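A, B, C, D and E label the chains in the order they appear, each numbered from 1.
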Amino acid sequence: MNPVFFILAVVTLAGALGAVALRNMVHCALCLAVTFIGIAALFLHQGAQFAGLVQVLVYVGAVAVLIVFAILLTRSGDARKGVAVFSRSWKTGLLTAAATLATLVAAIVNSPGLLREAPRAPELSVRQIGLDLMSQWLLPLEILGLLLTATMIGAVILAMPEKPSGEPAPGPEKGARP
Amino acid sequence: MSVPGSGILKGLVETARNFAGSYVSPERLVTVQYPEESLPPPENARNFPFLVYDEDPDKGLRCVACKICEKECPPQCIYIVAERDEKGKVLKRPRIFDIDISVCMNCQICAEVCPFDAIKMDTEFELSRYERFGALLLHKQDLAKSNEYYRRIHPTEAAEVDARLAEDRARQQAKAAAAKAAAASPAGAPAPAADKTP
Amino acid sequence: MTAASIDQVFVNAKQALLSLLPETLRPGLSMAINAAAILGTFALLFAVATLLERKGLGRIQNRYGPNRVGPFGVLQPVADGLKMLIKEDILPRQADRVVHFLAPIALVLSVLLAYAVLPFGRNMAPIDLDAGVLYFFAASAATELGVFMAGWASRSKYSLLGAMRGIAQMISYELPLVLSTLGVIMVTGSLSLVEIAERQAPPAGAILGRWFVFTPWGLAGFLLFMTAAVAEANRAPFDLPEGESEIIAGHMVEYSGFKYALFFMGEYLGMFAASGLAITLFLGGYHAPFAFLGWAPSWFWFFAKLLALLAVFIWLRGTLPRLRQDQLMNFAWKWLLPMSLVNLVAAGVWSYSAAWTLPGAGFVRWASCAGLLILPALWLSRGWRARVGPRVYRYA
Amino acid sequence: MSAAPPSAPLPAGAAIDRDLLEISLGPHHPSTHGVFRMDVVLDGERVVRLKPVFGYLHRNHEKLAEGMTYLSSMPFTDRLDYFCSMTNNWAYALAVEKLAGLQVPDRAQYIRVIVGELTRLLNHACLIGFLTHDMGAMGTPLMYAFREREKILDLFESLSGSRMMCNYMRFGGCRVDLSPAWLQAARKVVDDFPRFLDEFDALLTTNEIVMTRSQGVGILPRELAINASVTGPMLRASGVDYDLRKVDRYGIYDRFDFRVPLGEHGDVYDRIMIRFLEMRESLTILRQALREIPPGPILDPKSKLRGFRPRAGEVYGRIEAPKGELGFYLVSDGSPNPYRYRVRPPSLINLTILEDMCLGQLVADAVIILGSVDIVLGEVDR
Amino acid sequence: MTPLPYWLILSSILFAIGLAGCLVRRNAIMVLIGIELMLNAANLNFIAFWRYGSGAEAAHGIMFVLFAIAIAAAETAVGLALVIALYRLRRTVQVDEADALKADDKPR
């Protein structure tokens, strides 16, 4: 058991638990950011340098801030007492999650094929990934670009407030003096 | 409009010129390091008032306790009590002359209305004290300063005042001499009323 | 002491230090020495920068600037630091204790991480990652979270308003920042900062240096990068988050004592990191501008350029007023971003036209790239130029 | 885009359901030019309602004046608009002279014009400095303006004895005569000023950020300006040709030829430019006055220092102070103390329409619009 | 190097936590956070199999992870836009309160 892996695993799981269980939403979002950093560190530990850096750049830099903005915009940040944080059927939810966990772990434990030792760490340079992206994976990349543009436009349209319809905006001259 | 960024560039050149200028021309470095060096106050700068005396700080005070300045002072910060001799007759000298310089706004109206040029404006401004009560209430002794001091801080104005006082005194001697001469000739003439002591 | 030995003085010193230590601990300790060196120099540079800033601003405004504490005010940073240490560290009652405490640490941590890849001198780069630029942007991505934590945790109207402004500004200026570096990456073909610096070494024979800033797209990229870097560090014309005249100190309003000093240090370190990257990308990293100046040590060139850029930051702060929030956003999304894309095209045209052998090739290349940059710039700002301009006044 | 259509102004007391943000800017706030508070209701960053609150610096100046002689309240007029003490004195002296029918000799009139225009220079320069400081230019223009202001204040100190609290004018003339050395120093200051103005011009007026921040912001239409009896540079920036120096021809302003600049948009940029151009006009007036000043007495022989009892009656004297029309309304019942003493402060009256200009603008603009109105709390609160 | 099963167990625990987050919490944003966690767990698996798998040079694993990250970011953006639109309409983001499908339903 490599100590580095153990520490990173504990940090990630603690962050994930915090992100799920904490009462105050903003604290959950910050724990989520810690989880993302933990996962990125795990990627780097595995030697997938490019993936780790992209994970930090995309998730910690953008998605975490996006979630935090959403929390503030929908006023769920100020934890008002009395509003139930957990849904009524939380017990069944936990049960299903535990069930999936059990099946997964069972599948992992009694499949002997996985117990091979790790091959030598592959020497992957960013240039190699770039060339692959541009040659073998060109089509998915272009589709991804299209998808991201469509998403951006869609998200903006969804979130933008409609113009106050029909409300004439009085000019400063006849400003109704309160 | 010319090149879009040109306004900002001109502004930057301006500040650069001032930055360089501050090392070169004294005109662009105007700070006076106060405690070490201080600007000499201009000739008729005015600060808190003071009482002028000719020779002796107590008896030579020009002030005759006529209380005109006490009435005219806008913030009413002057307090005068005239001297009385044993029989209770009011003398022409102040026993108490206090100015509360925490109230005084050095507007020099007292100096302007004083008919006897007894109160003038000083240029001394470092008057802060440590005690909290009564320290800023200056009494007659603290206020009294010599005519030489007055001539040192306001030379031209002092010269005019001295000239005017000397001319008044001369006119009085002449009037007194003339009156004595008149009294000497027609023996019964009434004695001249020397009303204003110098 | 030949020029080369002066150049490598720090590297040799570190090797000498390492040789004393036991073999097993060597890799870990070399990292520790690097970290200590970075922290030491940049904390010192932060202190010197505060003094230079106040004296520079003073001189711009025709006054002295701090000159009471020590000769010429040299000990002023020490006095400021001491004052920050002994100042009471007030925690507002309604603040969220934990997040309020973590905010400055998150901010400074993420900024310091970004220093790991900057090449301060010839083979003096702490780590030579082959995805160096990507690491730099990934590391400084967490500053927005730090600003948010500060703004939200102190739970005061002003700090929330300031934090929202700060995050919106940092996110919108991160895009032009990243896109303006793409030109350099495209031309050098590598993300590693050390290789980018090597590409700009002055060729042995020629007099003219090969800095990217001497090319049209490089100059435009440098200007775009610096504008975005100024905005990213919340300084000079873009210091909206702590717009003093409107919302006092923005997200830092509820901080005092050493936590406020940490924020202050975070801002300055962010500024140094961004100018460090600009130096490596556009101003030839640790190389001399021209071959004949090559004798000075490499780290001297890096820190000389860093101080020059610091002077420009101070100069901007002393001169320019602040942009309004919506103008700031418009400027980023409607001018800076398209211009950095156009700059990419210009870089492409420049590198592919390198093969021209016609007599006037150099001039034509310059003219085409420059025209390719200036025309869109004027076209993009046509709406704004039509609305805003000097006016002529009539007299009654 | 900059003149965003203002959202509907909120009726007072409406239930704030659109989760608005209520902020009070001031009284302890770095950009309110003294103790002045604005209760601002924000929808996001847009101003929806703005209620100015002042009175923090009220010193009961008018009631005090009823208990004192006419001369005693002259030094208190210095404290009205503490940036321009000379013009305050002049307005009060003008009113009392009109009441008592005193004739001001020529030389005193010239001296009044000279010190009045010098005050206008320092007031406009400092205002532009404060305004650009509100915009964010870390005090650099302000420091340049203060550097020039010091030169003028030194002139005032060597003339009247005090830099800002001059108490220089008397009913029927002035208190101290100009010495030739003073005239020489004044000519030097007036000759150096254009160089400073050109530097200031280059630093600010064509600066893209200043133009973007101030053009189209806080527009004051002509009708509203006239209805709200706004006066001074703000009125002329909205294009209304009304300058008391040309309308009333008080003092000897008809002897000097100078022009009155007018703006058309009435926004913050126009107000800045109008003040720049007015400074240049003041310079032309100063050059003419300093050239033509005649020798002679500086005080009307009939004017009495003490026991001054003007005839019963009421009078309203007004001048074109740097901030607008500064008027004194005096009712005298023949006794040495005025029966009623009223000051018409230009800052307060220009302030009444602050909300109309700020509606729909952003918070950063509200601060600049307040700065462009050029208020000094000593005059607003009296 | 830690054997492969440890990695898989870690990612499945992470997946379970994300699933629990989705099912247990009432707030719509928490559901999105749960989905994020599940996606990250999947990424972790990809990298684990890439590292311990045979063709490490072909970088298939990393490619999958890159595309997964991009798409997850897009999904979060749209999800949050929906939540904000929902909040503007219904003034609430509680998942079980937003159950009415008719458009004209008054916000309770």
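Definition applied: a residue touches a chain if its C-beta (ideal position, glycine included) is under 8 Å from a C-beta of that chain, and two chains touch if they have at least 3 such contacts.
Treat the numbers as computed from the prediction; the structure is a model and nothing was measured.
The chains in contact with chain B as well as with chain E do not exist; no chain meets both.
Think of each touching pair as a link: the shortest run of links from chain C to chain E has 2 of them.
Each step here moves to a touching chain, and the least such steps from chain A to chain C number 1. Chains A-E form the pair joined by the most contacting C-beta pairs.
Each chain gets a centre from the mean of its Cα atoms; the one farthest from the centre of chain B is E. Central chain assignment: C. Criterion: smallest distance from chain C-alpha mean to the mean of all protein C-alpha atoms. For this pair, chain D with chain E, the centres built from the Cα atoms lie 63 Å apart.
Centroids built from CA atoms put chain D at 32 Å from chain B. Averaging C-alpha coordinates per chain places the centre of chain A 79 Å away from that of chain B.
Chain C and chain D have Cα centroids separated by 44 Å. Chain contacts: chain C has residues 60-63, 318-320, 389-390 touching two or more partner chains. Under the contact definition stated at the top, the residues of chain D that touch 2 or more other chains are 140, 144, 147, 203, 206-211.
In chain E, no residue touches two or more other chains. Across the interface of their complex, chain C is touched by residues 1, 4, 8, 11-12, 14-16, 18-19, 21-23, 28-31, 33 of chain B.
Looking at the complex, you find that chain D touches chain C at residues 1-2, 21, 23, 30-31, 45, 132-140, 143-144, 147, 203, 205-213, 215-216, 236, 241, 243, 246, 259-263, 265, 269-270, 273-274, 277, 362-365, 367. The touching residues of chain C, counted against chain D in their complex, run 57, 60-63, 157-158, 161, 237, 239, 243-248, 317-327, 330, 384, 387-391, 393-396.
Put simply, chain A touches chain E in their complex at residues 1-2, 5, 9, 12-13, 16-17, 19-20, 25, 28-29, 32, 35-36, 39, 42-43, 46-48, 50-51, 54-55, 58-59, 62-63, 66-67, 69-71, 73-76, 83-88, 90, 92-94, 96-98, 100-101, 104-105, 108-109, 114-119, 121-122, 124, 128-129, 132-133, 137, 140, 144, 147-148, 151-152, 154-156, 158-159, 161. Against chain C, the residues of chain A that register as touching in their complex are 24, 26-27, 30, 33, 37, 49-50, 53-54, 56-57, 60-62, 64-65, 68-69, 72, 77, 125-127.
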